[in-house]
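In what follows, structures are represented as structure tokens.
Look at the two complexes coming up: chain A is in both, with chain B in one and chain C in the other.
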Partner chain A sequence: MSLALYRIDDRLIHGQVVVGWGQPLHVSFIVLVDDEVSSSDWEQDLYRMGVPPQIEVIFASVDQAAQLFSTWQTDERVGILLVGDIDTAVALAARVPQVRRFNVGGVHHRTGRKERLRFVYLTDDEAAKLRDLAARGVDVTAQDVPTARAVPIGEFT
Partner chain B sequence: MAPLKGALGRALLRLFAVQGSYNYERMLGVGVGVAEEPLLRDLADGKYRPAVARGAHFFNSHPYLTGLAVGAAARAEHDGAPPDQIERLREALCGPLGSLGDRLVWAGWLPLLSGLTIAAIALGAGWFAVAGFLIVYNIGHVALRWWALNAGWTYGARVSVALHSPMLQKALALLGPAMAFAVGFALPLAARFLAVPFPRWGQLAAVVTAGLVFLALRWRSDRLNGLRMALGLSAVALVVGLIWQ
Partner chain C sequence: MSDLRGIIVTHAAVAQALVAAVGAITGVQDALSGVSNEGCGTDELAERLRQAIGDGPAVLFVDLPGGSCFTSSVRYAKQHAEIAVVTGVNLAMLLDFVFHRDNSPAEAARRAVDAGAKAIRVTGAA
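Showing the complex of A and B:
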């Protein structure tokens, strides 16, 4: 069954991911790709806490993700791949050509970011990186929950 | 380390208004910054302002447990943690505090006590049951807020220790089944209580109201939802009932 969702969300694991997407997709594992979290025990501990015990959480750096990607892809369970920022998404897509789509699920306000959608705030630089990603054939849409419309990249960058 | 005298109490009071400045840009962020500020006043001059500003960045979680992030971030500021680590701590707390609060309060404590109260009313306890509900619910609610703020301040960046506490895990394990039992117990009692004969015009009014609500929900589904309508109509019915008596 493999990875059913590739998501950019700066809150990483939270209710919208576990319940909102996890339940309708029958997710059994979550891969969290983040260089900092993958080397921080206390952060891993906190993120694991938001997930029910029957769902496995795998932490990986971009390097590790590039190596392990094929095993997740051939896993018979359904999984979600999460990254916390645009740079990680771009780095991952560059290393792993099989990543063909990204769901922008939540990138929130920070100094320098402008509102693009209610749940998407981007700097001009980040918006340009997303357009680049799309130009290289990755399908980039914004959608916070499964019941919402998937907003095409042209409408929010 | 001891907080500034009275600072935890001030932060607790301010946390009651944490949703007052809710918006899509920062969600609870501004409220969190305001609540954290009393705990930051004894920081050195150059540290106070950036710490308060950090406190007001984007944040979202369960309102009752937000104190845990407030206490933990304030303690980490005092411990001299690097700014980006404090930002990461805040980000990492949003998810777990949200899901913990949902299970503990919205799917536990609140429906548990609601079920018991409805059952008590159906068995004839009347307004005493309502008063009891308000008192007991809020004892638990305020105790949870106070525990969260203290645990955050005590553990700082190591706050996951507090979230692993056996007491909390036991509460989580007990509240779910207890809630299911209370609601299951209340439903048949409430049905019998409500099934007292009521006049033809009352039945007609109920059918017409249900029809109007259905149409209103179809018409403005973007603005209205079932819960808001039900709460609004219940409030109207309560007022009309009191005047009519």
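Showing the complex of A and C:
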């Protein structure tokens, strides 16, 4: 079954991911790719606390993710891969050509960002990076929860 | 010591509703504030927390033991003294809390957890 969802969400592990997507997809593992979190035991404990014990949480830097990706892809369980920002998504896609899609699930307001959707705020630079990903064949859509419509990239960048 | 405050941190409008319910039941209006994570990334939720908490000692009452409300609250507590975090907020623990704020945040948090847990039970089952 392998990785069923590749998600960009600045809240990383939270309810929408664990329950909203995790339940209907029957997720058994979550891979959190983030250079900062992967180097902090304390942050890892914090994120693990939000996940029921039957779901495994794997923390990886972008470098580690590039090395371990094939093991996740061939895992017989269903998993979700999470990144917290567009730069990490771009870096991962550059290192791992098998990453063919991204779900923009939550990128929130910050100085310099403009509202694109209720749950997506992007700087012009971030929007350009997403369009560039799409131009290279990665399917980029925005969707916060499974019951919502997957908004095509042309409608929010 | 009665300046110990409770900050309720939840999804959607749960926090504001709990603040209103405690006010309606007790008449105490100044003990609690509500913070919602609606539309917030990590940075903005941290800012909402900072504004709601101010300088004083506080207990943060969070809805779930995981998720953005929880991670932001624990992160805040790690960076500031005199902040305790309680998860699984319910009305019973808040009603007890507002009348027992002459405690340290840690003690008030333990007490609130006791009161909240006692309110959770099965009744009326045959």
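Following the convention adopted for this analysis, the second predicted complex is superposed on the first by the 157 of 157 C-alpha atoms of A that agree within 3 Å, B and C clash if a C-alpha of one lies under 4 Å from a C-alpha of the other, contacts with A are read in each partner's own complex, and residues count from 1 in each chain.
The rule we apply is simple: contacts are C-beta pairs under 8 Å (C-beta built on N, C-alpha and C of every residue); 3 or more make two chains touch, one makes a residue touch a chain.
All figures in this text were calculated on a predicted structure; none of them were measured in a lab.
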Partners on chain A (chain B, chain C) - clash or fit
clash
I'd like to know which partner A:V107 touches here: chain B for first, chain C for second, both or neither.
second
After lining up the shared chain so the two structures overlap, which partner does A:R118 touch, if you call chain B first and chain C second: first, second, both or neither?
both
When the two structures are overlaid on chain A, which partner does A:M49 contact: first (chain B), second (chain C), both, or neither?
both
Touching A:I13 in the superposition: chain B (first), chain C (second), both, neither?
both
Just chain B (first), just chain C (second), both, or neither: which does A:E36 touch?
first
Quick check on my understanding: which residues of chain A belong to both its chain B contact set and its chain C contact set?
10-15, 18, 42, 46-47, 49-50, 108-110, 118-119, 121
Interface with chain A, chain B side, in the complex: residues 24-27, 29, 57-58, 60, 88, 91-96, 98-100, 102, 157-160, 163
Counting only contacts in the complex, chain C reaches chain A at residues 11, 39-44, 64-68, 70-71, 74-75, 78
Of all residues in chain A, those that touch chain B in their complex
10-15, 17-18, 36-37, 40, 42-43, 45-47, 49-50, 84, 108-110, 115, 118-119, 121
Interface residues, chain A side, partner chain C - complex
10-15, 18, 42, 46-47, 49-51, 106-110, 118-119, 121
